[in-house]
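Going by the order they are written in, the chains are A, B and C; count residues from 1 in each one.
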């Protein structure tokens, strides 16, 4: 019987698992251990509900409700001096809990601090755009839509950005295989030559280690070259070793090492 | 590097005897291979390096052109993605006959390390290729050696022969 | 049998029956001065641009998806292909993120070598930027000069790691090799001559009338715009914000070396050009100091953490337990702790950040690459309107975008 492979998460799994392995945790510190972060968190929690907050690897992580995202980032920009939104993207937790996690990575240049705002939304839920606050969100939100299919409200130009407009599927979802689905594997053939050319061109070779010993259409063994497409299943004849164009080339003078100046020192 | 006579170039449906006119025309063609700048990714940087001061491609008569209508050699240098595939085909169609294609680097040959949804697994799925250069990224010397091999191939062709389709045209 | 394909000329996809005078110009995706595969849809009123839509993704290879299906060490060579002009800085950013995740401390000699690699990469990148931008604007001589110097640096890197372009010269936990014998004297020889070379470029460009006309007061980015668009690196510093991650949030040995951060408040192309030149001088200053640091460091190159990092080669060959651990680490991969980390570094282009979400598996659950060029391309949407066609090329040139990084 074939082993069962889950369809909701096709990420590569280690083929060896240790039952007794307990993964260690990256230390989470109390926000109160850092005065600057503690003041920022106070300002945020005064206006919005903060589900959780901690400091991990010198950066504060604040988890909020998804509907507060615009308000929190507006507050951070206008009154807490976080003047750059350096990154924004999502994580796919659909297989585990049916949700997407969205994170906003913010930077305050005056305080030299970085804060990560996180929130979770359902698969069909959409989220408010923060493009009005930071123009950089324009492209990151488009990328998020392109890769995960998360719809953004109030976005000025909600189109795919990295993949072609007529692409099907959202590549960074865990349900999407690394090497693409049926649509992806024939995309360029369908687009350029049409579906009827699929048979002529043939499927993609996705095995990087594949070597066909008898393929003379594309490969030739050095020293045993045969005409292209010849049948070599009975073995190839030996080709005598002849230097390339040893008889000289028409109208071209041959390089003569004796007459040339060899520069060994680059004089630097 | 291979030092054998590459016979499969000669036997690929080519006439045995070449006339002097063939020789003259092929001499002209092989020594003024104008290449289309098709730097797609990292290999494009090495392609630029081979055209720059140290490696100096001009001594082969290879000058990079920006327009496909002035070029007869397409050096596909870098990863070809599915989004870009239609454009490479369009530019290939715009090049004038006779034209040749060098696929430079693993990505252009087979998709290389990018065995993913977004990468075309070898440019020969879209355009016919004359020469495959291995390496990631191939050194400028490799590209120059490749161009020299291509020159040999051109010298062995009959000048009046129309290019035969290799896999798909 | 000749088989026709279905591609039709591109203009059939665009409607021309417009009442106004507007023209739509397609620029790219294979344009020689687009520095890669950038496609711009420009709406024009005569020669002036009214609206610009950069279209990217022509080099999207799915690196983030690849990372999710690779063990951590396997992903290292892929980072090379991101900003392929300065590969080591990408390698370093990833290695640093994983080291922060698992809490490793790297031996001092490895740090010194990493600093050398980072700064030589910065020099290489800036030289390449100068060469290509000058070529786009028509200064062929500068292109040849800058490539000459760059080749010398590439030789040095090749002496160190064997590759010219895709270095993979940094490992998680240190560096794989010690410096070759002639590295330090050769680098010193290069650095001694570099100021002369930079002066050559400046002599050719600074007072060149064409260069000034194409550069001065073209592509002015205001401070607000730069901050709002998430600009970093030279793009930000040319707009009057003094922010260099090497200085503000020092990593490696940047807090031990002395260097200054050049800033300009003009925000135009010429300011960015001047900053690149000044940064090359600063890099060489850092390199001189780092070269002196190398003497007197202990020979250890990799951190000692048997759970995550393979033992030195000698131990693997002689001790059974080290061999077993090496085998497990190579076949199954290291398993960092559960947690997430975002680590920014100052790559030659700007803030290069790696966000890693680890669930304690050998494969990262999510890896987000924060590449500076992505936003430097995005800013073209707001920057290009109002400019003329020839300015497009010089603006794209000075934004210093690399498409391996934009599309990932």
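Convention: a residue touches a chain if its C-beta (ideal position, glycine included) is under 8 Å from a C-beta of that chain, and two chains touch if they have at least 3 such contacts.
Small disclaimer: the values here were computed from a predicted structure and weren't measured.
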{"item": "Result of counting contacting C-beta pairs for B-C and A-C, higher pair", "value": "A-C"}
{"item": "Longest centre-to-centre distance from chain C, chain (CA-based)", "value": "B"}
{"item": "Inter-centroid spacing, chain C versus chain B (mean Cα positions, whole Å)", "value": "29"}
{"item": "Distance between chain centroids, defined by C-alpha means - chain A, chain C (Å)", "value": "17"}
{"item": "Per-residue multi-chain contacts in chain B, two or more chains", "value": "83, 86, 89, 116-118, 168"}
{"item": "Sites on chain A at which at least two other chains make contact", "value": "163-164, 171, 176, 178, 191-193, 197, 200"}
{"item": "Where chain C touches two or more other chains, by residue", "value": "3, 5, 7, 57, 60, 62, 65-66, 407"}
{"item": "Residues of chain C touching chain B in the complex", "value": "1-3, 5, 7, 10, 29-32, 36-37, 57-62, 65-66, 77-78, 80-81, 84-85, 128, 131-132, 143-145, 147-148, 150-151, 154, 164-166, 403-404, 407"}
{"item": "Residues of chain A touching chain C in the complex", "value": "11-14, 16, 21, 23-26, 28, 56-57, 59, 61, 83-87, 89, 91-92, 103, 105, 109, 112, 114, 116, 134-136, 138-139, 147, 160-164, 171-172, 176, 178, 191-194, 197, 200, 266, 268"}
{"item": "Chain B - residues contacting chain A, complex", "value": "2-8, 11-12, 23-24, 26-27, 31, 82-83, 85-86, 89, 110-111, 115-118, 120-122, 124-126, 152, 155, 167-168"}
{"item": "Chain B-facing residues of chain A, complex", "value": "163-164, 171, 176-181, 184, 187-189, 191-193, 197, 200-201, 204-206, 208, 216-218, 220, 222-223, 225-228, 239, 241-245, 249-252"}
{"item": "Residues of chain B defined as touching chain C within the complex", "value": "37-42, 44-46, 48-49, 52-54, 64, 66, 78-79, 81, 83-84, 86-91, 93, 113-114, 116-119, 136-137, 139, 165, 168-169"}
